[in-house]
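Below are two complexes that have subunit A in common, paired first with subunit B and then with subunit C.
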Partner chain A sequence: MTFLPKMAFKNLARYKKRTMITAGAIAYGLMMFIVIRSLLTGIDNESETNLRLYETATGRIMAPGYWDDRETFPLEKSFYPDVVIPVLEASGAGYSPRISFGGDLIFYKDPFPEDGSIPGRFTAIDPERDSDVFKLRDSLTEGSWLVDGEQGLLLGHWLAEDIGAGIGHTVLVETQTIDGYVQVFDLEVVGIINCPNPEITRSGMYLPLSIADEYLEMDGAVTEVNVNFGTVNGADEDFAALVPEVEALGLEALDWRILGADFIAISQAKAGGTGMIIFLILIIAGVGISNTMLMAVYERVRELGMMRALGMRDRQIRALFLWESAGIGLLGGFYGVGLGALVTWPLVKWGIDYTFLLRDASFGYRIQGQMYGVWNFPNMIFAFAMGVGMAVLVAAFSTHRILRLDIPASLRFQ
Partner chain B sequence: MISVKDLFKTYVAGDTEVKALRGVSLEIERGEFISIAGPSGSGKTTMLNIIGCIDSADSGDITINGESVMDLKRDAQAAFRRDYLGFVFQSYNLIPVLTAFENVAFSLNLMGVDDAETKERSMAILKEVGLEGMENRRPGKLSGGQQQRVAIARAIVKNPEILLADEPTANLDSNTGKEILELMKELNEKHQSTFIFATHDPMVMDFAGRLVQLHDGEIQSDERR
Partner chain C sequence: MKLKRIITVLIGLAILTTSASAQSAEEIIQKMDELQTFDTMYNEGTMITEDRFGEKRSTYKAWSRGSQDFLIEFTNVEERGQKILRVDEELYLFYPDAEDIIPMHGAALKQSMFGDISYEDITEGRNTLDKYDVEMINSEIVDGEDCWVIEMIATSRDVPYPKQVVKVGKKDYVLREAEYYARSGRLLKIVDVIKVETFGDGRLMITEMVMEDQLRRGSSTRMRIDKLEIDPRLDDDLFSLRSLY
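== the complex of A and B ==
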């Protein structure tokens, strides 16, 4: 039955313009699908990495109930890190104790451009140990790193710009001690951080752990110990293995997926939203294809009537149109994947700078600066198969409609 | 060989009923060259379509070589048309993307005849209908008469028992029409296929060995010459 594919090919060549338009509609849909999926995957991958490198590490150990009340910064739900450190050292994990507390950052005109205060979250870190877990130190773009015992402050780059802070400027921190007494102390801006995680760049405020311990009267207690097993495969399993041991000590251990639940939820919601956009693009392409395929079929009703009169069976007619539509689908698939790869290439190599969008609003993703695509070959193969499948499906539907006409009606069709 | 018994067919168009055939009965012998003639709406095309298994009757029966074709399933009807019937249409109905040779070969392709035999038979029949040297022309590059010759070649190449032609000369000038009829008569004598025409062209009626006149779905006369 090679005459059917041959005839299908000739029909495709007969209607060159329509073939190209239909294949073009498929190609456009597939290109958008490939590019959007490439960017989304790139954003997700990079966000996950930046979340773990700058915010959550592999996981975090806290006192029971702290995580549920974290919005109120409950210092009383703290613990002594010495309890858990032997377990962490035995596991080979990097670890870093921290105190998170809420307060106001107060600054005055001269050297600041104007008086003001900003409420926010302060994070007290161990300047020596923190680099075992987080990459903050690598993101220092101005000034110097914190020194234990010195009243220094690191600010996120955008935050510093917003309030006009520079190295050497002094600010006041107004907060409460662990017992609820108001406490005010001053810090000197010693460094500016500009890291790939926009949450840090937008609102990060870091001071030495020993200074927070003193002013908050923590007496050596911390609100969290962050644990790092790296971002390689197996890190999550290593952390999961640690959880029972930590819980046996009366503490709570949560992994990065729970700590970054906002990102995970937003990522999933956005994937759903983007899925809808992709679906709409494919619908538009599908309507284009079905329109041209219907035209192709209806233009040849008489021809098909004649073929049926000569003894061509329904399944042969279907096969003929399926060959034609598969040909269009293959053409559209090749074009679509080719165009998709062509557009993805600069996205992978140079990315898109959308800092301007992220600076003033958080979208949940933990990326800033360049948004990069990734090569997603299974997705390209899927897109290709989808293009062919969509064309074949639409043709099957159109052919079915034509075959419902009786032969004399087909032969009379104008 | 073909036995048509008490054939009724009514078309419904909206609220209007058109009785296309009203109890038509007819016996046609193998190798006949028969014209079913009549004015527009007399039922001649309907009758041709029912004999050709591309339309169904409301009641009655048609047997071909003793076998009823009325109750054949859709696929079996297609196979019957493919193996036993040839069609020639008023407007030729050639496949525009195929050459004259490919159009003729199409019939044999459907039957699953191998490539070598298809080529041999198609070229021979094209020569027979006077289109030698034009095998590679597409329909658009052929005159109306030449296109109808290709259509006849396509119908006859498979040696059908019955060749059905609906107004085969209607789109042709009288000279070309005559040539086509002479060709068909020649093929009828040579291949011993039964030729059945539906026509209102007097020239076709003159050529026929038997003329069946239909009027308002009934046989008005049946004249053998």
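== the complex of A and C ==
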């Protein structure tokens, strides 16, 4: 019963170099797979959290049609938050009304380094309520938080750096009122935000809701009310339960997955990318394993012929080679998982600083600075099983080919 | 009793003066619109924008019908074939490379068409009195021309500027200067008419003007008409989406 496994083990020990090379190929492929999956899962998890904490909350309530036309900032598609607040309070959700509008930020030399203007999206927030939903206030690194009724402006850290803005600098905002008239007003930079969500750090511009209400002539209307049920399990279900009540009020409620569609698309593309990585690893490892296994099998054709001539059955020979390949797979799997864990450990603990990559380009991910990996043990088990399974599969094919030769041909094989 | 009569007369005079001024301001604006409106018109021109990045020059051909419809086709190398069509109170852009027509709405109209001129700047048409309440403010000498100064307050949501102050020549009813204001009252743009020429049947036409952005320092756009034909025969098809391709 244990004859074949013992013989397979002896064979593996006999051909040490071949065994190590083949196991090394498997180990390398598995290590790459584990590390890349760890990083991508880490990015995904953190992006999702940052998306909800800084941009989308659990969901958002808007006037019908606003979301479809959001690129043009249709202020006329606004609503009075009082309509929906009783429903939100009854549900126990945190809520924060906001006005989003497009416009130009205009600044002048002295105190700015030079004259300029940049188009962008402005977000008017309720300074008192916003922290019930978003973590923006925790990201204030310079200056002070907005004060209701004061013409203050918070800028993202990278944006402030790009235009040379500092606390106390005055800017102009050129936009349109709800009636479409050109509007211009002054704001003073009161704070700089540096938050883990690069979209905010790169282009965030925030002002008090009351100021936007006055200058855009909104008369108390807002473009959105953001709703927060937290990021814990069940938040999505709580929001989903709220949707029918909101729709009964003639409003539209969308959850964070729709609001963060760009990120979700990236995430899905990443899932496709991971599949491609697995496929490539399979090819790399598969070619390496099949090549070494074929060599191992072919250099032993005469030995096989002798074994068959002495009465060993094909089934036993096939089993012997499968045991050998399983041994190589196990060895490669252990090495691969060990190496993967070794490389993942610093990624989990310290991460990789890739600020230089995200500073000037957006990849849709909502992380900034450090890219951290996560421990993904089911993935490691999967990788291990994949390594063993693949080695056995390749060996089965090559052994089958050799066994098609008859015994005299095997004995004469050069 | 005598004092009361004097006060009554003064109040009556004030009311009369105000209504006469308002009336005359409307007449002036109407006359100004009429002078600048043609059944059909074709012109070729140059637009030069200057800002802190330097100078940019574009040339164009333009056809117009009445006070609303027009078609502009850029002819300079960089923008050759790009077209802007306004018909049925809608604005369309055509980019030859994309072979696609883009309708412009809402905030998109705020984008710069050329330099300091936004798309909404060219969509106002010339039926000014339908969109603004006008009031005579005073008189002023502009570049040696005695002008009426008329304040126009928007009554329509179809116009971008809630307030304009126009200075119209008393002698010829031609616009000499215009100021555009934001809702907050901040001055946004000043249009300065540089050259006025007489054409065909003796009608006057502005052939060169400069628009200066008052928010972006050193930014100005000069528009110059190099060739003008008044009342040419134009195909009806010219002001249609088909003509863009």
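Rule of thumb we're sticking to: the second predicted complex is superposed on the first by the 412 of 414 C-alpha atoms of A that agree within 3 Å, B and C clash if a C-alpha of one lies under 4 Å from a C-alpha of the other, contacts with A are read in each partner's own complex, and residues count from 1 in each chain.
FYI, a contact is a pair of C-beta atoms (placed from the backbone, for glycine too) under 8 Å apart; a residue touches a chain by one contact, two chains touch by 3 or more.
Note that the coordinates shown come from a computational prediction; the quantities given were computed from them, not determined experimentally.
Model built by superposing both complexes on subunit A: subunit B and subunit C fit together without a clash.
Shared-chain residue A:314: touches subunit B; no touch with subunit C. Once the two complexes are laid on top of each other via chain A, the angle at subunit A between subunit B and subunit C, using C-alpha centres, comes to 140°, given in steps of 10. Contacts of A:277 after superposition: neither subunit B nor subunit C is touched.
Legend: residue contacts after superposition of the two complexes on their common chain; A:240 is shown touching neither subunit B nor subunit C. In the superposition on chain A, no contact is made by A:258 with either subunit B or subunit C.
Smallest inter-chain Cα distance, subunit B versus subunit C, after superposition on the shared chain: 64 Å.
On subunit A, the surface touched by subunit B in one complex and the surface touched by subunit C in the other have no residue in common.
Chain contact summary for the complex, subunit A toward subunit C: residues 69, 72-74, 102, 106, 108, 114-115, 117, 172, 174, 176-177, 179-185, 215, 217.
Of all the residues in subunit C, the ones that touch subunit A in their complex are 52, 105-108, 110, 154, 157-162, 180, 182-184, 186, 188, 215-218. Subunit B makes touch with subunit A in their complex at residues 45, 49, 52, 54-55, 74-75, 78-83, 85, 87, 89, 93, 95-98, 105-107, 109-111, 154. Within the complex formed with subunit B, the residues of subunit A that make contact are 3, 7, 10-11, 13-14, 302-303, 305-314, 316, 406-408, 411.
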